[in-house]
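Input: structures, listed below.
Okay, so chain A shows up in both of these, paired with chain B first and chain C after.
Entry: the complex of A and B
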């Protein structure tokens, strides 16, 4: 393809996770002509596969002061710029009889050194604050933890990047680079379903692909030493706790319980996996057992609470350049200028870090891109609210009672953007997903505005199918609406079959009790009654 | 309380064995926890998913399959008796043991079936249809019917479609709530004048369409609404199953239950059998959640409690068990063996269930419980969904165990 004004950008950002979306937003806000490309869907990698914890940084205070300080600073920023994605739940660090209480003093001291407001509570006070906590606790510290919805956060960054002129391409994988001597000049893309190839050019290319960044760097001819660390988590069927519960000890397996939206999450485990398994996202029965056993120590009721799903993500841990063995692994942010490091011009890698620091990572990467481009615009993302989180002068309504449950749910999910969702008529207000209160209006809003190509995209944008029935009853309804919008029944049906299989993927590791009963019902309905198994099931998410 | 036979479970198996016993003059009680698979059914019953002669296909099944346990002759005999038995209960079905027909699924697939309720179209084959133009009619705001997918079904078979959406003032009240436009709620108001109004609308709209397809939201308690509507429209009118609850399925359950009660059977709804006393290889009595200390005694018992989804089997984090008596079952030990990671592949858990002797009597700790029979999906070594045998096994094993008791 010829290089034209149309396909030439200042910056191409590769990777549709929080970091990539945040970087595209930052670049676009600084006036750079920006293209964001993603292999699958936004949040399909580690962004959509973590705790959704708005870290106070307390977890890292003792072991990594730098990360702790970054976390608390970003924590305070996200509360301002991403109000609709954040829940200010507060957090507890509890000490159990089997833990060393003397760790608490060191913990509090380290938190204070990092600027984290840590307050020692009487255990009785902590139990009053969070009744689900293990009543045997012998110590408790309150910290400013919270919950953040990574799907909403990423979507809001994408929407804002677009509002600032960025172009967005999903379902296109980078299969190679255009290289001119020691300079990267463009990316070769291939559509993962149709196989259609295309080329886009840019002065600077930013690799924001998380763990997949090692592969993308390799395509560019440079080596980054990455160590994939898998973390598994469990989602419980309802909100067990209202305050984040952590264990006050050195970070270990299953020691964080986060309330998020309608559910609670326990995690994580941590295990090294081979690089060729980073797309598998499997959860083993052993991991489930560990999560349940340790989780029940935080909140005993978990032992008898229905589990909705198990899932896992892969942390992009990066080894220092002088340590190929990976012994000195950093959990901090890694921003590589490949011109300096490898003599390759026009290429930046931003990786490491964590969901909490996505904005700061974006800022670093964009600063470097601006430097390379000779631009002087400053970063505004720490101050400018994301779409949906703007402080509105006049409240939209006087009384909360004027809104129906699904309208309140939509406002929770889309913030002020929910004003664009059609409502107040019987057609738009009808519920598609009863578990999560997603209306026809919200589904159509997402289809039209939020880069929705299939049911999994739709789930990530709206929570449709994330509830107790795991899409059993709403998937078909949503498929009906999606099929109407895209005009292709065959594609939508094959999409429906993939969607159900993807739901099962999170269910089989916990396939006992009501989960097994539910999936038998789902099979009865979709295979037996509907015959969906006659459709081919391409693997895509 | 004392009965000759107590049946645990009020689904298709429980009801049919109850009806057979009551017809033979036996004093029978059914204890039912509530809903059954019928409430979510397609409106068709499958004997086995096969393009050839179904009985020939059954003859090829593994020797442990419930069909093989009761024997090919019994399967044939009971299957042939079913349409007449259904008719007695007011349930109209068409179909034959000799050859499967096809039905149209909610998402526009052709699936083979043995018996199909009168509401639905039955097709001789999956690929060619007897129509050139069909009308697909939905109600405004009804989300559990998918005209686009049906359109796809007909288009693939070279049939033209026209679409209509009826907006009815009578639905306004339902639609005030965001969750009320569901099949059974709609069926409740589908009576008299509204049916005439719909018929008038259809007559004005269908033009040269040879046949009309609508969502199956007619006739909750009997099929009167279906025949009333049909009698007022000049072309054939067929229905397409909806997502749950299934109106024709609920109706079938109600009709079978009513017939069972008419025959003198006692139907205890909303109670759970939670245990029983087994002495000298015989079940003496059962206890229920609602009746506490008051035991139910009987000479014979039938376990028709269903599979996991009806809680006839329970999977815990550690193991799988039959929850009422702790009967001997077929199931793998390790949790990782219970399932396949592909939802559409063979799922081992589907084949789990209670083991029986050749007369379908259950076993406890290796010994036959002489007066406890099992029927339907609680039986081991079947895969109702993959084999397309769910309805057939439920029906034939139910009639088989009823005969075991009658002829004992």
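Entry: the complex of A and C
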């Protein structure tokens, strides 16, 4: 394909996670002609596979002051710019009888040094604040933790990038680069389903692919030493806690319990996996055992609470360049200028870091891109609210009382953007997803505005199918609406089948009790009543 | 591993597998699109209310508390209780004068029965009904239950109390507001039957309203006060080896289940000693402890209506089996459907049309059956069915009393 004005960009950002979406937004806001490309769907990688914890930074205070300070400053920024993605729950660091209470003093001191407001509480006060916490606690510290919804956060960044003129391409994998001597000039893409190939050109290409970044860098001919670390988590059926509960000890397995939207999450484990397993995302019985055993120490009620599903993600841990053994691993942000490092012009890698610091990572990467392009625009992302989080004039509280339940839920998910959701007639207000209160209007809004190609996209944009029944009632309803929008019944049927299989994947490791009954009922409905297994074979994606 | 051996959640709300059978059986969902239905209002809504209380939906006020959802649920989710508790905890609607008037059945009963002839005539007058509709929003289509000029307790003290102690067995009768203020004949009928089979009847020293109307009108403090007092009386009675029986399904159900589930009072120690009169009698007959003899000239064609709380108790079999012992009674079974009144619910103007729409299929079946009488253990169903169909409604105890051959029964049970 020839290079034309149409397919030439200032910047191409590879990777549709929080970092990639945030970088595309930052670039577009600074007036760069930007293209964001993603292999699958936004948030399909580590962004959509973590705790959704709005870290105060306290967790890193003792071991990594730099990360801790970054976290607390980003924490305060996200509360302003991403109000509709954040819930200000507060957090506790608890000391159990088997933990060393003397760690607490060091912890509080380190927090204060990093600028994190850590306040020692009487254990009784902590139990009053969070009744689900283990009543045996001997110490508690309050920190400004919170919950952040990574799906909403990423979607809002994508929406804003597009509002600022960025182009977006999903379901296209980078299969190679256009290289001219020591300079990258473009990317070769291949549609993961149709196989259609295309090429786009840019002056700067930013690799924001998380753990997949090592592979992408390799395609460009440079080596980044990354160590995939898998973390598994469990989702409980309802909110067990309303305050984030952490363990006040050196970070270990299953020591964070986060209330996220309607559910609670315990995680994570940490285990090194080979690079060729980064797409597997399986959760082993041993991991489930550890999560339950350690989780029940934080909140004993977890031992008897219904589990909805298990999932895992892969952290992109980057080895320092001078240490090929991988022992000296940083959890901090890694921004590589490959011109300086490898003599390869027009290529930047932004990796490491955390969901919490996605904005700062985007800022660093964009600063570097601007420097390369000779542009002087400043970063405004720390001050400009994301779409949905703008300050409204009317007092929110009074207004929300008059809304119906599904409207309240939609406002929680889309913030001020929920004003674009059709309602006030029986059709639009009808519920698609009953567990998560997603209306027909909201599904249609998502299909039209939020880059939805299939049911899994739709789930990430709306929470449809994320509730107790895991798609049992809503999957076929949503498929009906999606089929109407894309006009292809056959594709929608195979999509429905993939969606149900994807739900089963997360239920399989914890398939007992009500969850097992639920999935049996679902299977009976879709196989027995609808005969779906006789009509279609699921998509590979 | 001791983890996850069982999943526990308050009122089993996480045991819901979203089969939606409850919503199919909900009488309100079928007629009122404003009501989200038991699944949405119950376990689904509970997850959201746990997230933030502002997710409470005032449309939960449309719930009848009929508990048919709980009967239908295959997973034992206490859907009705979840909804009641959410209303108590989150509703911003404060009970007004109307709610207080309707809910304080014993206070109003005391007042009204004192001036019964005046009250009965007045509330029948069209202008008065209109006035109540305007001022209190009590629907003008409603027929108010008549008040008796002599309360059951007064009759009992004057005509029955003295002879009770002489009988070999004793039982305590929880008459409830209805038998006391509106229809003392029901209490008299029960005394007649029990005495004939050798059971003396004792009343509580100070019986209070069971509290069901106060619970459904969100007057929880008052309901709890009454319930505590009643539990004291019940414990006193049980300590003296006297079981407590009632002729009202709702009183029975409230004392046995709602006191614990909704008001959070401990009643497990006496719960099994609180019984419905028909179940009490049937069991005695079944165990061969008593015998019943019926008049040869008694003839009646009746249809049995299962009140919602009877459905929840699962005891209609006792009432119908007892009635089937009467040789002259032809008994038909009506489908178990809500009549729509749900105590004070149907009296409220905003609920009237839903109340009648809910009852419509039942009224039609009653008309189709062409019976002399509808048999039913619930007093508010009686008002609703009598008003809506014109067919007389009798408690099975009253039917039994009419058919009973007292002399032969006494002789069979060796009572002089």
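In this text, the second predicted complex is superposed on the first by the 528 of 541 C-alpha atoms of A that agree within 3 Å, B and C clash if a C-alpha of one lies under 4 Å from a C-alpha of the other, contacts with A are read in each partner's own complex, and residues count from 1 in each chain.
Simple rule for what comes next: a contact is a pair of C-beta atoms (placed from the backbone, for glycine too) under 8 Å apart; a residue touches a chain by one contact, two chains touch by 3 or more.
Computed from a predicted structure; not experimentally measured.
Peer 1: Identify the partner contact of A:504: answer first if only chain B is touched, second if only chain C is, both if each is, neither if none is.
Peer 2: first
Peer 1: Which partner chains sit in contact with A:296 here, chain B, chain C, both or neither? Use first/second/both/neither.
Peer 2: Second partner only.
Peer 1: When the two structures are laid over each other on chain A, which of chain B and chain C touches more residues of chain A?
Peer 2: B
Peer 1: Going by the contact rule set out at the top, does A:479 touch chain B (first), chain C (second), both, or neither?
Peer 2: In the superposition, A:479 contacts chain B only.
Peer 1: Taking the superposition on A as described, I'd like to know which of chain B and chain C A:435 touches: first, second, both or neither.
Peer 2: Second partner only, chain C.
Peer 1: Is A:422 touching the first partner chain B, the second partner chain C, both, or neither of them?
Peer 2: neither
Peer 1: A:532 contacts which: chain B (first), chain C (second), both, neither?
Peer 2: The answer is first: A:532 touches chain B but not chain C.
Peer 1: Return first, second, both or neither, reflecting whether A:404 touches chain B, chain C, both chains, or no partner chain.
Peer 2: In the superposition, A:404 touches chain B and chain C alike.
Peer 1: Per the contact definition in the header, classify A:517: touching chain B only (first), chain C only (second), both, or neither.
Peer 2: both
Peer 1: Which chain A residues contact chain B in one complex and chain C in the other?
Peer 2: 289, 292, 404, 426, 431, 434, 473, 512-513, 517-518, 521
Peer 1: Could you please specify the touching residues of chain C with respect to chain A in the complex?
Peer 2: Touch residues, chain C against chain A: 1-9, 13-20, 33, 36, 39-40, 43-48, 50-51, 54-55, 57, 75.
Peer 1: Within the complex, which stretch of chain A touches chain B?
Peer 2: By the definition above, chain A touches chain B via 285, 289, 292, 404, 406, 426-427, 429-432, 434, 439-440, 473, 476-477, 479-481, 483-484, 487, 489-490, 492-493, 496-497, 500-501, 504-505, 508, 511-513, 516-521, 523-525, 527-534, 537.
Peer 1: Under the stated contact criterion, what part of chain B meets chain A in this complex?
Peer 2: These residues of chain B touch chain A: 37, 40-42, 105-111, 140-141, 143-146, 148-149, 151-152, 172, 175-176, 178-179, 181, 241, 243-244, 246, 307-309, 311, 314-317, 334-336, 338-339, 341-344, 347, 349-350, 384-386, 390.
Peer 1: Given the complex with chain C, which residues does chain A contribute to the contact?
Peer 2: Contacts found on chain A: 237-239, 259, 261-262, 289, 292-293, 296, 303-307, 400-401, 404-405, 408-409, 426, 431, 434-435, 437, 467-469, 472-473, 512-514, 517-518, 521.
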